[in-house]
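Both complexes below contain subunit A, partnered by subunit B and then by subunit C.
Entry: the complex of A and B
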């Protein structure tokens, strides 16, 4: 390659970089919208409707959700003052188990999507923290107000809490976990989490 | 007074056709929240971006849907976006955790009642409600819920007034008039469907909370479910405002009517309690915390 060509390809390369770097103006709303659009596409995809495709559907959903949710941040906030005392291995295990617990919860809902719409209501940003307000409108026009709390990591706004009708997911789990740790121990909590995530399906509701 | 009670029962049975009518006219509308939604699911939904109607989101400012579509669909819940704390608390010392929970000195008793209500739900309420749900289509059940909810207008209206929510008071009165007439005895929520007039969910417990009374202690009543000292006092107060107690004087009929209302509400939210149990490590704490947060949020609004 002659020097001119080298120069030319460098310029071309730099120009390409400029085009592909995401715009700084991508706010939390746009990013959350991206995720919900993707989720909608998966859940209303006719080729994934059959029961044998359920695992595939869940796998894809998990991938999309992982991009938008900060599991580590959520785990840190649910353990709260008990987080610092944990070893790195314990933290890793907890993050994994907590994620699986939440996945089990929405697993069953995956088939029951019936045309609900999400209406964007508003957004507020304060430095690297933000909140996005939406309402979920169901078929019978039942309106559910939902609040996403986000934190900026690099160029991404990641969700660290969801509040439904004012009830925060993180607060709710924090109460439960704190109660168990204070009354028994962290070990008891981890045992309960493991049992819940693994035992789960066969256990009857009664 | 017994006579009126009987009249009401026959009216209820006879007015189911009216419910059907309003259903056919497409005037069914959302049920009154019977409690926090169980199961925190990430809803997979389509996303309508109303920012095209309004301002783009800028750093440190708030964007909201103004314009024709926005103002019609304005939620009363929109206010809390301005009042909530965006940067979360990082202090997790004992006191911070304490503030975020409700005092529960009666926990053993509450847990016993929780277990009782649990059995009551799975052994009695759920089977009957499931049977009822199979026989009666959802829009009709929503209509019945609207009917009972409409009757309770004085509770909501007067509590709006007590909290200085004059607009809310007006909305409730207007809703009552519209729904009782065009909405056919309250079966159809005409006001919501056509004018987007939302139900103002206020009660005396919230009024007391608004005036600074804390929840007190957590009380989990058998049959009734989660409550607090303040909210229980509030329910007694609301009892004086509820027209049902004046219309249906006879205790037996009163309980029967309330029972039916409760059954109808359960039939509309089957599965939520199960979902909450599935998502929780300790369902009792989960419900207690959800109740506390839910009420705190309602009072703020």
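Entry: the complex of A and C
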């Protein structure tokens, strides 16, 4: 229930951004809103509600998310100290696995959207970096604060971290992955990620 | 004459003692854990959770520095952290406020990042994670149940 709402909060947050007036140079809020609106449209689309349409729904959602999330940046920040030591092939593999790990973690939540709305609270920009604050308002009026950290790449503001209730996604995985790499090895981490992504139900152990 | 000399000597001794004490207090006050060497970084949190000046700064479980100063600015908690000169903090490091135990005192934990860029003295750690407000979390879930 909790994580589902959080996922939808994220989605809704992104969607709310579409409501803004079009401007020449789109700021972080506008861009994230574009993505959230697209996501909301997908999860509330009645033609995608049936179980056999689930894969299609997830595929479309992933495509929208890929436009807004900088997976490479997120992977680098998650592996942190261990990123520089990796070869380019290892980096590519990790980026792919990390994306799939998150997709797998949240894929079952796509069915539990129940009318949540995203309210944009504010934005802070500091040069090429920014933070967009939203809250997701659910049926029972419980507000969940979500923070999107974005970095400018050309004209696009891409997300490199999400904080839900103040807890950062990057920090969460950074600690976990660091523990595994330091206690065992990077290979062990990759094996666990592969197993998790392929096996689905397997629980990774520390 | 003698009495005057004695009183003078005692007086001078007192002044010397007070001066030494003063010098010691100032020196010790600035020394902190690092023995005087180190640099400062800033970090801004939306909620400091009761972090105090003098609280620890921890990396990988090791106490490496102290919170030198905390002040409110634009309704956010600005902190100045002292770190030893040998410890480099990357540009994408994350500073979070954690609790010793579950309800103990607060401290700042820094998880190192992966960027080649390293923060210079007095620069700011951009990505921070505020203290978890346990009561707020509980109240949400209590409220939610209704």
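Assume the second predicted complex is superposed on the first by the 176 of 206 C-alpha atoms of A that agree within 3 Å, B and C clash if a C-alpha of one lies under 4 Å from a C-alpha of the other, contacts with A are read in each partner's own complex, and residues count from 1 in each chain.
In this section, a contact is a pair of C-beta atoms (placed from the backbone, for glycine too) under 8 Å apart; a residue touches a chain by one contact, two chains touch by 3 or more.
Note that the structure is a prediction, hence the values are computed from the model and not measured.
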- prompt: For the overlay on subunit A, clash or fit between subunit B and subunit C?
  reply: clash
- prompt: In the superposed arrangement, does A:81 touch subunit B (first), subunit C (second), both or neither?
  reply: both
Message: Going by the contact rule set out at the top, does A:120 touch subunit B (first), subunit C (second), both, or neither?
response: first
Message: If we overlay the two complexes on their shared chain A, which of subunit B and subunit C does A:129 touch? Say first, second, both or neither.
response: both
Per-residue contact with subunit A, leading partner among subunit C and subunit B: B
Task: Could you say whether A:6 touches subunit B, subunit C, both of them, or neither, answering first, second, both or neither?
output: neither
- request: Check the residue A:43 against both partner chains and state whether it touches subunit B (first), subunit C (second), both, or neither.
  value: first
Stretch of subunit B, among 91-99, 127-135, 235-243 or 253-261, that runs into subunit C once the two complexes are superposed: 91-99
- request: Enumerate the residues of subunit A that count as touching subunit B in its complex and touching subunit C in the other.
  value: 77, 80-81, 126, 129, 140, 142, 149, 161, 165-168, 171, 174-175, 178
Message: Which residues of subunit B touch subunit A once you look at their complex with the stated criterion?
response: 28-31, 33, 36-37, 39-51, 57-65, 73, 75, 77-78, 80-82, 84, 86-88, 92-94, 97, 100-101, 122, 138-139, 142, 192-193, 274-275, 277-282, 285-286, 288-290, 293-294, 296-298, 300
- prompt: If you look only at subunit C, which of its residues touch subunit A in the complex?
  reply: 46-47, 90, 92, 94, 96, 111-116, 126-127, 129-132, 137, 140, 143-144, 146
For the subunit A and subunit B complex, residues of the former touching the latter: 27-29, 32-33, 36-37, 39-40, 42-43, 61, 65, 77, 80-81, 101-102, 104-106, 108-110, 113, 116-127, 129-131, 133-136, 138, 140-147, 149, 161-162, 164-169, 171-180, 189, 192-193, 196, 205-206
Field: subunit C contact footprint on subunit A (complex, rising order)
entry: 76-77, 79-84, 126, 129, 140, 142, 149, 161, 163, 165-168, 170-171, 174-175, 178
